[in-house]
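First chain A sits with chain B, and in the next complex the same chain sits with chain C.
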Partner chain A sequence: MASLKRWLAVGLTACFVLALAYLPPRGAESSGKSPFVGQPLWGTPARQHAQALADEWRKVDAAVRLLEDRQRVTRDSLRASPTIVFRGATLPPKDVHNVETVMDSVWRDLGLGETKVRVTLVIELQRPYSSDTPTPLQDRVAYLAPDSTHRTTCLAYLPAGPYWTLFILGKRHEGFGRFAQWLEAGLGPCAFYAAYGTPGRSVESWLVARHWDVGLYLGSHGIAGERFSSLDLLGNPSSSWYYWDGVYSFPPATVACLAGRPSGCRAAVLAGAAEERTIPIPNVVLVERRWWRVQNLLPGERYLGDVARAVGRERFLNFWTTALSVDTALAGTLKRPVGEWTAEWQRGFVHPIRLGPTPPLGGVAIALAIAVLAVVLVSVTASRRQVR
Partner chain B sequence: MRTATTVLLAIAAMPAPLLGQRWEQQVQGRLARAIDVLPTSSRLPVVKRSGMLNTDEGASFQTTLVQRVSYVIIAVCDDDCSRLQLTLLSPSGSDIAKERNSESLPTLRFTSDTTTGYGIRIVMEGCRWNPCWYAVAVVPLGRNSP
Partner chain C sequence: MSRLLGLVVAASLLASPLRSQDSLMVRLRRQADSLLGSWREAQTLADVADSLEQVRATAGSDTIAVRGLRIVVNPSPLPWRQAAELAWPVIDSFYGSAAEDLPRHPYIFRAVDPDSNVRRTVLHVGVELPWDLDVRASTNVLLTTVTAPSFDAALADWLGAALRPTLRPQDERAAVFMQLVTVPSAAVRGCFLGDIARCKDVLQVGDSTGLLERWYVTPAEREALVIESFEFLFARGATAPTLQSCRQHHDDACTALLQSLPPGTLPPPLGRSARILLVREALRAGGRDAYRRLVARPSAPIGERLASAAGMDIDSLVVRWRNDVRAARPKPLDLPWWAGFAAIGWTAFFGLCALRSSRWRL
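And now, the complex of A and B:
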């Protein structure tokens, strides 16, 4: 009897521990998923509401700051490369000059000189957090595209974070090459505006609809290194479940394109192109924190840059300013169906993944052996059974 | 040797052309040349407007045309522009004349019956590198005899 009580206590304690692990805390909402799946803590409704409000405020605050900066910034009319403005600290002229020199070199590497649309880069240096005022947007890159009131200015807002703040302030000296890559990647859609001007209505509407995920990087290297692209952030296909978890978090067309299917690639490229939408004013492009997890195409950030390099400036400009639909214009520019060209382009970065069940050979052999054994055993038993 | 040095110094001292004004200077130069070849004899001023537009965008402005004065309205655009449309509008806003066949140099001729305000509309129909700069001039040629 004592033994039974002990087991009962152990069982109840185990149930309690499991409940603690799987049930959300009191007042918090369930994510609505199966109770057998571990759930993250979602916070109380009041906390969620406060966080949503704070997020909205940060977005609006970022848009207002971009508009204010556009009004305030006086451009250096003797510099062809972007005007650079620092916020958060006053830099000595030597440090400003160092950053400008790197930017000039990046600008030349991109093949840019004097451009119709000029770029202003606002670098936000990391500030200490204050508990008195809400924290402004310090971890998301944002862009203010040219519009009818400022047709020739594209503004890029680039939070430096702690690492690059120290580098710019001269307190950290390693990582010079990566600093140039960081600046180049930070130009984002503004680099396209500078290189090819303001896109035509259909192309701009398509890019706005998909948050510029196919035009985030104009450079020919990887976004964060020689060959580093958003695909590398998924991990290694042979090593971990993390990779497949990441792959299947993308829309079906994106996954189909990763498998090398032209129809999937076509759908992934033309997502957002079907309906022409109104271009917002101000046209603020706010890049997601984990932008590589919400792409429709991998590595989408360099897609348009690669298209431009493949077809040449003149043909790309025809596409960029087209009055036709994106589908027709892009196929005409590539001189091939969009899906076929894109599938081939993607094969240059990743081996097509295999979709569907792929059981290992050993597992199949063992399962078949067990099945055959079971059938044989049943057959033998049945043959020996005698009915009297 | 001294002369060469002086010339070099003079060139170095010249202000560098300001960036971003290349296309604007281009259209202003074109407009000035176009006005120069017109036989203007009127004392009335030449009205000029300039700006920039993306493909399929338009801009318009009002100007007063004097009775019985013959005018030439001329528009020019930068090297990246392939087609510019120029329209003269009546005070009520309806089209009086439209020129869209001259690609990047549309021209209209008009003599007004009365002194009144007219509208002039410019539409950028083709620009391969947006935005494209344009400039318009309303040039009075001279008074017609009644």
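And now, the complex of A and C:
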């Protein structure tokens, strides 16, 4: 009984000490942390509703503009590369010619010449807008794919933003190489339409279902630089929390594919292929604002481009215009299971990540040592116990 | 007759897709107009809701007015009045005549119990603060959350931070001095030694063409930048051989890698505190209307805006900035004459102790 009281006293004292350490009395000095309490500032529900309506209007307005441009634009029959239209400012012929020259070289680099589906690139230069309408689409790229009324025209709408607006207007001179990359990336799905024509129903339905995330870029470089892909935007694996936070924000199949699992890669590639969707008219492809955060496959933007380069034009065309399901057609084109080919393709960009716990060696050794010690102590105590 | 009929039928068939396109356009335009109307109504409602929310958030709150500062706060032990009296002279001398606009941007604070886990209402207006801050911390809150009048995006972009007054300008100058003398950059070193053109380059207030060569002058700097900041990015795939070449001190490879970076990614050699200090210098030199002149023409180049604010040409302003930074050189440690002897004495003492310990006599 006396022993129990002693232990109770020790326990209560320990609780008191802990309380003293962790619960500061009122009037204690500020700990030096930021004085701001971390509650984000939300817009009122009414403001959020207005913003949602503005977003909806932007989409419809972009579709109207694309349709209007498709009707209005006259094609320059002397040039094989895309017709370029500028909105927001009237450019001197010299500046227009400069941009066209860059586009011509980009077009040649993509291995394209005279194509059945012609591309028109609408470059929206940044300008001030009146405040009685929402700001039109300025931070998202949009495409108007060919449809039954215009079977041979694909329109790309490319907001130039402040940087490229100044560059195009000749007020900024550095970044010539990057400008070509920007134009090349801006062609998006239109480059695929130009290179391979209109896809078959199953392939088009698959691409529409996933917002063309596997066909955003036809080039062989990175979408935003020599090698810059959506994978790079994840950051450095050594900056642990940011990188892993990014990795686990993707769907499970995408993460599994990053870990090199063929089943995950297969699921990531074929997401959206099972459902047969009606192709909308007008077929406007609106690329997500932060498209690299909503991909099913990393770096998905170049996946179809790489497939095309790997299998060659003829086999890719067979896949592109197939009447079979995407799964069957893609496996037939790759001549391998989709998951295996994709896992290997992804290993070319990133070492497979390791999923699950990865305790450090030292930590494991210490934990094992403590466990062994505990077992030994218990064994010794048990062996000495005597029943009286 | 039958041929004519055939032609009419064929023409109508050919035109039908275009007609459907037109009807589609009409439908989309109507939808856009309808959305625009709804958006305008929603905006009006949202303005009303925001103002009501402001009223709700500030209901039962006190308004503390100290000169141009208006602080709307809920009852709490926070020493707002004393803090505002300390903050106002600093804010007023910084924004000058533009500080007259501050009553239009009142602070709204909600003091909360820092140790409570009770779920709080969603915040639509204002900032939450713990109610156990002292006067100095409260003053800092006022200085760091003041709404800079008419602060434009171009200035914010160049500055990389909001333009607000500080209670410790001397610390800021000392920090910039440390950067000037320690940053491993020939351009920064040149600036420190008095080359004003270099100062303008590193502050990005002059010609901005060829920034890479202006900021990272020597091949060694470009190589160090690639290796230290962008190695991870270039280590895989097509750029790996170029990176390898860069590692082997081939400047053209390093330059090519850096030039392939997306716009705005190149880190400036001097931190943003150097730019903030330059603006402070311009405002100090330009008198009470300096801030108004600084924000008067958002589309003008930064160099021109700073010169206009300071009321002098940009070169003179940069010279002033440099002199100001150099004047903030940290004071060398002044040791009394006996300190050296004391240090040697203590060293000898501990040395003797160590030699006499049993460990050394084994």
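Convention: the second predicted complex is superposed on the first by the 319 of 388 C-alpha atoms of A that agree within 3 Å, B and C clash if a C-alpha of one lies under 4 Å from a C-alpha of the other, contacts with A are read in each partner's own complex, and residues count from 1 in each chain.
Simple rule for what comes next: a residue touches a chain if its C-beta (ideal position, glycine included) is under 8 Å from a C-beta of that chain, and two chains touch if they have at least 3 such contacts.
Computed from a prediction, not measured in an experiment: that's the story for all the values here.
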Inset, instruction - Determine, under the contact definition given at the top, whether A:262 touches first (chain B), second (chain C), both, or neither. - result: neither
Inset, instruction - Quick one: classify A:163 as touching chain B (first), chain C (second), both or neither. - result: second
Inset, instruction - Using the touch definition from the top, say if A:337 reaches chain B (first), chain C (second), both or neither. - result: neither
Legend entry - More chain A residues in contact - chain B or chain C: C
Legend entry - chain B versus chain C as contact partner of A:246, first or second or both or neither: neither
Inset, instruction - Show which residues of chain A both chain B and chain C reach, each in its own complex. - result: 148
Inset, instruction - Going by the contact rule at the top, pick out the chain B residues touching chain A in the complex. - result: 16, 18-23, 52, 54-57, 80, 127-131
Inset, instruction - Would you mind writing out the residues of chain A in touch with chain B in their complex? - result: 75, 77-80, 114, 116-118, 146, 148, 151-152, 196-201, 317-318, 321, 323
Legend entry - Residues on chain A engaged by chain C in the complex (per definition of touch): 23, 26-30, 35-37, 39-47, 49-50, 53-54, 56-57, 60-61, 63-64, 67-68, 71, 132-134, 148-150, 163, 172-175, 177-178, 221-222, 224-228, 232, 236, 238, 281-282, 348-350
Legend entry - For the chain C and chain A complex, residues of the former touching the latter: 17-18, 20-21, 24-25, 28-29, 31-32, 35-36, 38-40, 42-43, 45-46, 48-50, 53, 112, 114-115, 120, 122-130, 132-134, 137, 140-141, 208-212, 232-234, 236-239, 242, 257, 259-264
